[in-house]
Each structure stands twice: as structure tokens, then as C-alpha cells.
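Some structures to go through are shown next.
Both complexes shown next keep subunit A, but they swap its partner, so subunit B is in the first and subunit C is in the second.
After this line comes the complex of A and B, so read on.
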């Protein structure tokens, strides 16, 4: 655990030393702020952050690969990967350390968005439940997607390729439920089941309830298992370097 | 030393002409065979899953696939062996097995999570938790109901605001039953679809449709003055669309009873209570006793809400005949209730004491006669924690013999009084510190020993009577199927529009539901406005518009610049 925290601390600090973090965070806040303002200033708007959560999942689609693309790709490009893998730390510790650092950065990015619910409390009387569950959903979804970006970064030494692969996988996870619209009316039972599976596999499906104030254990399990799968695959991906 | 003769290898036995090239050709073909085998296995699986009738063909294709794979393995045996048991092969296989095992566990975890999930609704008023009555109604559905939502979210801001919450509510219905089918139609784009229903009100609207019936639901105006779709209306529409017969509740008129058409926010009328009763899927009608020869046979519940002027003997006879039918009545009494009605209630076992109750232990400030009585365990009030009754009067059994009926309530039994069976249950009780103030001129009310009676007092009672109230005759056990049921509340202001806070309306609705034998609707409070609208002044809107997308990014960039300057 100590090694994990050491790696996490080093990576976390390196994020803040880079201008990329500030630029990416500023872009994230501009887009979320724009859509938040748009959603709450229309007539008879709901005093909630639901639209903000809904928009954030699409923004995270490209923000998260941008955060994770360098984590392993850069090590491979600079040749420090061998050093890292031969150091007296386990692959799991390396992966967990980098994951925790990126999770910390994601939380640091989300922190300023607390300004938006603060505005709601200032000018209205919002329901606190959906605000809390909305943020819980964003953190769970972000935490799961970070592992996808981490896995993509472990596959290549090229950061651009890592970004594209990560964004591609996240895109599939976001829109996999769209296949529900493909079968025509009254599809066979098998197709209906397949569509239901694809809809369950979609990240968007699981954020819907959380954004409106309903915490379903299915959604929690989905995100936790997705995060665990991403971390597991990343560890396996690093391990293959020893015998490939 | 003689030079060594070069040792020559014995010549290999000659291969049959063309054998080597055939082997090479077969080895080159093996990847194709393997690919063909895998493709055949996939095709077989698809045939089996999609076309269940063609399973014979699926097995044939499966056999062909297996044969092709075996052939490919036999031809390139060395390569397959190396891939499986060589160093890379072993590690690779190990990785594949571990990843497969993990994926299997992930699928199992999600499957179990789906089977045994728990949902926690953390919204105020549990907006997304369906009422028990709704769940019961949905669970009883046997055939599909098509729900069409007519919204124009792209051109109408109100439609845009209502569409999401309405669809959320319907999604909750769909989680309970597969028989709710929903589709959304933009009535600006396809007005002909809306015209088909010939509705007498403008959209947005949800239309519930079965082959036999169509029932539209429009948004109900909330306390904030904006419409919203509420669960009671949707469930009611399902009941109507499926042909369920709605029960009727009659409110008597002609004696200064509370006005059920007055829905003014701060008025003493019962307009909001009427909406609540309708929301629980009853048809509400008024009944002028002076002109009615009888209470209509379809009356599920008769409500007598705070009459002030005297009843004619004929009217009392109509009421008495109704109760003997046996009927169900909710009677709200106060200081001004006419004597004729009090006498009828006394006949039916409940007496009303004159005087106003003051309770210094539980009251709504500043008036100690606005008592907050304690609920008993009776189903009507079991889940109501706070009800307040302004100017409450005390209720008690009409005779000493009927004290046994009170004890019967505690035991869950019936007391035999002169051959009829009685049960009397106090619903709401004041504290022992309360007293009955006999002098209405005394302000503030003050307890005077020897003059004022000390509590606790029942201020709401439920009575069940099998047989005539005067008794069926000693030893005559009644075999009546259904009893007469009466709920008497010692207060009338509690259900007024102006006092709709706390659980006051729910006390009224629960009493109606208990009398109408709709117990599944009891304890289902109508949810407070789920949507919290943001009403912004132009200045506030302008501040949000500018500060949200610009202020925070500017601060973050400034921090970045500061960091860069420091590190430089």
C-alpha cells in the first residue's frame, strides 16, 4: 500500500506541474458551465444539476482519455517502463498508484463545479438528494472510465493512439444502448434479450437513476465491476510485456 | 595416414512424387480451415438462438465446424502444440484463462446485482417511489396499456420541463410491469396523431389507451402554480382505461357543510380535500339530503363535513336508513354541529362532548386549542405522526355498556351488546394534560378543577357495528356479512384548504379509504411538489449566464499561470 501511495503522490503532483491539467480543467468547466447556465435560465427550469450530470458524461468521454493517455504510454516512450517493471514494486501497485492519482485529479476537476449547485441554493431551493446522487454518479462513472483510459495507455507507447483507443472504447460504452433502436417492431425474443444486455452494458443507462436521486445497487455494482475490469486488464497488459 | 574418406549420409528414402508439395499445400490451407471452423461454430450458434425451428441445421453446421477445426489441428499439429505448450503459448493461455475467468465473475456479479437489487430514493418526498396502491394496480394488469406522451419539447419550454419528469414516472411504472408501453409524439410535428383523440384540453398530455378505452391525463397545477403529472392521476387513468369501476363518495349539502368546490388556498373550503379524494380514484358527488329519498345505492362512503343548520326528521331518517343498509360514513363534527345529527351518532354508539379541548403538552403555537393528538395503532392513523385539530371536541362511547366495545378494539374483537356486535376504536387521543374547556369566553383557556374535565380524550373514533344499533335482541348473534362503519372526527377545520399542512389531508383520505375498503391506498401520502422550479430575476439569470462558463475557468487558468510563474 505504501508503494501505491508513493506512486500515486508522485503522479498526482506531476499532473499539477503540467499545463495540460489546467487547460483540460478550464475546457471542462467552460463546457459544463455553459450547459448548466443554459439549463437553469430557461423558463420554469428545474432547480437541479440533472442536465449538468447528463452533459458531463459526454464531456468526460474526451477529458478522461486526455488525463490518462500519458500514464503508461509516456513511460514506454521514454524507456522508463522497464525500470518501473523491474523495480521492487508489484504491477498491481503501479497500476493502482497511477489510477488513484488520476482519480484524485478527476475529483480536483469536479470540485469547482460545486459552484453550480451553490448557485441553485443561492437563488432557489433545490432538492439535495439528486445533487448528492448526481455527484456520486459522476465520480463512479469517472472512476470506471479512468480505468479504461489506463488500459488504453498500457497498450501503446504513443499517447495519441492511447487517447484514440481510450476514447473509442468509452464511446462504445456510452452508445452501446443505441442498438436498441436497430431491430424493427416485434423483434424475436433473443434479439430483445440481446438489446437488453446492450442497454445494461451502457454507461448512460446507469447514470440516469443516479442523476435524478435514485441510488440503485445495480448501478453501483456496474461501475465498480467496470473499474475492477479495467484495472485487471491493465495489470494483465503490463504482465504480457514480461513474456511477449 | 591415408586420407579419410568422406563419410556420406545414407540417402533418404525417396518421397513419393508430389507428397511434399501436398503436405505444404495442406499446411497452407490449415488457417483457412481453422477460420472456416470458427465461422461455422458462430453460424451454428446464431441459427440455434435466432431460428429455434432450425436446430437440426444448427447441429449440422456445428459438426462441420468441429470437423474443420479438427482437420486444421491435425494438419498443423506441431504449430498448435507449440502455441499451446511453448513458453509464450503457456503464458498467453494463462492470460486468456485469467481474463475469461474475470469476465465470467464480472458477468455473474452484474447478474446477481440485477436479481437482488435495492433502490434508495433519496429525493425529498420520495418522488420516484411508487405508492403501494399504484404497485398493486400495476401488478394486477393482465394486458398492455399504450401510453402516448404528447410533448413539443423543441418549441415549448413548458413541454420541455414536463416531459422528463413524466417519463421518469412512467419508467418507474414500467419497472413494475411490462404491460405499460410508452411512446412520445411531438404534436407540433405530427398533429394528426393528437387530433385522433379529439381532446378538449391542450397538450402536454399523456394518453392511456386500451382497445376499449382512452383516458387522457393532463398536468395538475402544483402549489407553485405550475402543472405537473402526478402519480395519482396516472394510476387513475390506468384504472379507467382498464375498465375498473370507480367508487363514489357523496358529500352531503344543505346544512352549511364545507364547500367542496372552494379550492382557495387559505379558505375554509374543502376543495383541496375533494381533489385528494379524486386523486385516490373516487368519483366525488354532492347529495342534497332534503330532496333525496335515500342515499344512492352506489355510495361507497357518505361524508357529512361540518353541518351547521338543523336536519329535518326525514333527512335523519335517510341517514339512519343508509347506515342500517349497512352504510359507511365519515362525519366531521364541531361545536356548531346540529343536535339532530349528534343524536343520530349517539344512536350509533359515539357521543360528542360539548366544550373545546386544550392540550398544553401538544399544540400548534400559539393556540393551545390547536391540539396535536397522538395517533393510535389503528390502520387509519398508524402511519400519521403529526395531525393537528383546531378547536377539537371530545368523543366517547355513547353508553357505559359500550365501554366493552373500546376494550374489544384493543383485543381486535367485537363486543356483544344486546345481540349486536360493536367495536369502537379511538384514532387520535390527546395527552393526560389536556382538558375540556367548557367556557368558550375564557382566553387563553385555563384549567379549572372541578369545572373542566381532565383528559386524555379521543378526538377521532372509528366504529364498527354488526346489526342494528339498538341491539338485535339478547342472544341474537348477527350473521350480517358487512358491518356499518363510521368514522367521527371531533373537528372540521383540520381538513380545510387553509390547514392542509402536516398530515391533515391524509387523515381525511385514510378515513375515506378505510371506509371504502381501499386499505391499500392508506398511508400513501400525496407527494409534495417534486419539481423545484427556479424562478430567476433578470439580474440573477444574467449572473448565472456569465459567471458559470467564465468565472471558474478563468480562476483555474490563473492558478495554472501562477504555478507556471512559480516554477519558472
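After this line comes the complex of A and C, so read on.
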């Protein structure tokens, strides 16, 4: 635990020392701000952050791998991996430490967006439920996707490759439910089951519920399982890179 | 303290090291000597648990590097070939981080990072960002991070590379003083370094251990009496001819010292020709002024062992 926090602290600090965090946060705020402004100035607009949440998931598609691409790729490039992996620290502690740091950075990035719901409260009386569940959804989704980016970073010493691989996997996870349109009308039962599985595997379907204020344990389980799988694969990837 | 048994590492079809077996006792400074690509770094990476061996096993401080990896690593300080530095940290931040990573408590970390900064003469740069340091100073930071937690076993891959001559002398002194309490393995290409710092040398070539002994024993055993220097008074031509005819002599070089000649006689090792040559000279009635057997220098042994020439 001490080692995890030590690595998390070191990693968290170096985020704020690098320009990536500031650039990424600025881009995130500008795009979300634009769509938020559109959504509330529409005729008959409701005081909600639903549009904000649904646009966020597409921004996170490339923001998340940008945040995580450094984490392992740079250690391999600098040669510090050799120090880290020969220190008396478990691979799990290294992975968890880096993950916690990136999670902290994600929260730091989401924090300024509280400005948008604050405006809603100032000028109207929004329904608090969907706002809270919407943020819960964003954090859960972001937290799960960070593990995907972390895994991608553990595969290579090249940050660009880490970014592309991470963004690629996330893209697939975002749109995997689109295969539901492929079979056409009245498909056989097992195809329907398959489509349902793909739909469950999609990131978007789960965030939709949460942004409407519906908290379904199946959605939460989905994100937690995705995060656990990502972390597990990253630890395995570190272990196998010793064997390469 | 360190026990390697039959370490072998294959990269695909390529055999990086094969059947490397050795022991290092507590307090010993062991030198790894070998040409580029001999397998020194590979052996060290296996010992530190960074890469696994294809076969064979090793123990560090009594712990198996594979099954008790964490315990073994707790007793280990390691300076890899590429110095592992976070370029965005200052020297002090970095040393603190590494110290804590090795389990030093907060107060202890402060004390020890101050000490290693002094030992490695990094005082003027303690708050400098590592990315701005020159190569030699980076190397010193690398040594500092390897010793900060006072490990029982130190593994240093070419520790003095890139350091200026004055600091090299100090670094060697430091390594030597670390032996005694710590067990040190270091790799190097610099031959005099080995005889200066190491109690024992392992010469490794193309992945195989070709010799393992104390530096002075190595030159005795291999060089032994493979070369004799003798000062003789007498007729130069005749002397050279006579000596050359002796069974086993490969070459005779003469030089005139004024009134007497100095001959360097080289012959195939494994045979001591001193007595025979002395008798020969005296029987001929020449004046034998001096006769001395010379061992090979480490350079010569190194070359002999690592080139494919039959001795």
C-alpha cells in the first residue's frame, strides 16, 4: 500500500509538471463548454447535463489515452523500468499506483466542469438526480477506460503507439453495440443473444441510463468489471514483458 | 551471497549466455570482464530478476531469484547499463523516491540521500533537474541510487563509464570500500580497473565463462613462465641462435644494454624453461647477470582468452 501511494504520488506530481495535463484539460473544457452552451440555449431546453455527459464520452475517447500513454511507455524509453521492476515492489503495486494517479488526474480534469451544473442551479432549478448520476457515470466510465489506456501503454516504449492502440480499443468498446444492426429483421434466437452481449459490452449503452438518472447495478458492474479486467491485463503484460 | 548455477539465456535461436556458474562470498568484489556482447549485462539482468533465465537458477542473499524474487530484490542494489533516471525530477527528489521504493522510512531517506549525495560528490547539483545533468553526473546519480538503501548485494553494470579520471579513482575507491560489508559484482571493459578493485575476476566470452580466478593468479596460471627476461654477457648472435634452438621456445628478442644484452624469450606455456636456459648459458661460459620469469598482463590474458587463438 505504501509503495502504491508512493508511485501514485510521484506519477501525480509529474502529471502537473508536464504540459499534457493542461492541454488535455483545456481541450476538454472548451469542447464540453461549447456543447453545453448549445444544449441550454436551444428552444425549450431542459436544465440538465445530459448532452454534456453524452458528448463527454466521445471526448474521453481520445482524452483518456492521451492521459495514460506516458505511464509505462516512458518508463521503458527512459530505462527506469529496469529500476522499477528490480526494486522490491510488486507489479500490482506499480500498476495500481499509476492507475490511482491517472484517476486523480481525471477527477482534477472533471472538477472545473462543475461550473456548468453550477450555472444551471444559478439560473434554474435542475433535477439533481441525473446530474449526480451523470457525473457518477462519467467517473465510472473514465475510471474503466483509464485501465484500457494503461494497458496499451504497458505494451510499448513508444507513446504514440500507446495512444493509437488505446484509442483504438476504446473506439471498439464505444461502438461495439452497432453490430446489433447487422443481422436484419427477425434474426434467430442465438443471434439475438449475441447481439445482446455486444450491446452489454458497449460503453455507450451504460452511460445512457446513468445520464438519465437511472442507476442500474448492471451498469455499475459493467464498468467495475472492465476496470478490473484492464488492471489485470496490465499486470500480466508487465509480467510477460519480463519474459520477452 | 550470490550463487549462480548453470545460467543460460536464449533469445530465440541466439544463445546470449550458456551455463554461467559462479559464487560470490560476502564481502567480495567480483569483476565481470568480457568484450562487447559477451553476456555481462544479460547475466546481471538475470541476477536482478529483470529478465528470467532460460534455464539454470540463482540465489541472491540466500533467496531464489525466481521463487523468492521480492525478498531477493530487497537485498539488492542495481545500477543498470542505461542509468535509470527520471529526467523531470531533481537529484534529491529522485534519490528520495528510490530510497522509499526500497523501503527506507522517511527520516532515514533524508539522512541517506544526504550521505550518498556527499559520497558521490553531487552536492552542487542536489536541486538540479536530472535532465540537465551531464553524462558523468548522471552516472554518479546512478551509483547513488544503487547504494542509497545500503544493500547487501550490489550489482553495477559498467559503473565508471563516462566519469572523469579523478572521479573514477574515487569511484573505484568507493566500490572497493563497499566490498567487505557488501558483496559487489561489477562489469567493465577496463582491465586495470579489475586488478585495482576486484578480488576475483570472471572472464566471459561469447556467453561462456572462460576463466575465473584472482587477478594475480590468472596471470600466474596462464602467463606463468611463458616469458623469461634474461640479461647475458656474451656474443649476441650465438646466444640468440642457441636459445632459439631450445625445445619449446617460440621467439627471442634481444636488445643491447651496453656491454650486455637483454633477451626476452617467449615460449609455449605449461613448461618452465628457467633452469634449462640458465644451465645452457652457464655451460657455454657466458655471463648470466639476471634471469626473471614474467607473467602476462591482464590485457594479454584477456586477449588470449577472448580470441580464438590456441595458446
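Definition applied: the second predicted complex is superposed on the first by the 244 of 244 C-alpha atoms of A that agree within 3 Å, B and C clash if a C-alpha of one lies under 4 Å from a C-alpha of the other, contacts with A are read in each partner's own complex, and residues count from 1 in each chain.
Rule of thumb we're sticking to: contacts are C-beta pairs under 8 Å (C-beta built on N, C-alpha and C of every residue); 3 or more make two chains touch, one makes a residue touch a chain.
Predicted model, so just to flag it, every value in this text is computed and none were measured.
Once the two structures are superposed, subunit B and subunit C can be ranked by residues of subunit A touched, with B on top. Of the two partner chains, both subunit B and subunit C are touched by A:17. Of the two partner chains placed around the shared chain by superposition, subunit C is the only one that A:6 touches, whereas subunit B remains out of contact.
Touch criterion not met for A:121: it reaches neither subunit B nor subunit C.
Looking at the shared chain after the overlay, A:85 reaches subunit C, while subunit B stays out of its contact range. Within subunit A, the residues touching subunit B in one complex and subunit C in the other are 17, 243. Looking at the complex, you find that subunit C touches subunit A at residues 45, 48-52, 70-71, 73-74, 76, 78, 80, 82-89, 97-98, 100-103, 145. Per the touch definition, subunit A reaches subunit B in the complex via residues 16-17, 19, 21-23, 25-27, 29-31, 33-34, 36-37, 40-48, 50, 112-113, 115-116, 119-120, 123-130, 132-133, 188, 190-191, 200, 209, 212-218, 221-222, 225, 228-229, 232-233, 236, 239-240, 243-244.
Against subunit A, in their complex, subunit B makes its touches with residues 49-50, 87-88, 91, 95, 98-99, 102-103, 106, 109-110, 113-114, 116-124, 127-128, 157-158, 160-161, 164-165, 168, 226, 531-536, 540-541, 544-545, 547-553, 555-557, 559-560, 563-564, 567.
Interface residues of subunit A facing subunit C in the complex, by the touch rule stated above, are 2-3, 6-7, 10, 14, 17-18, 78-90, 242-243.
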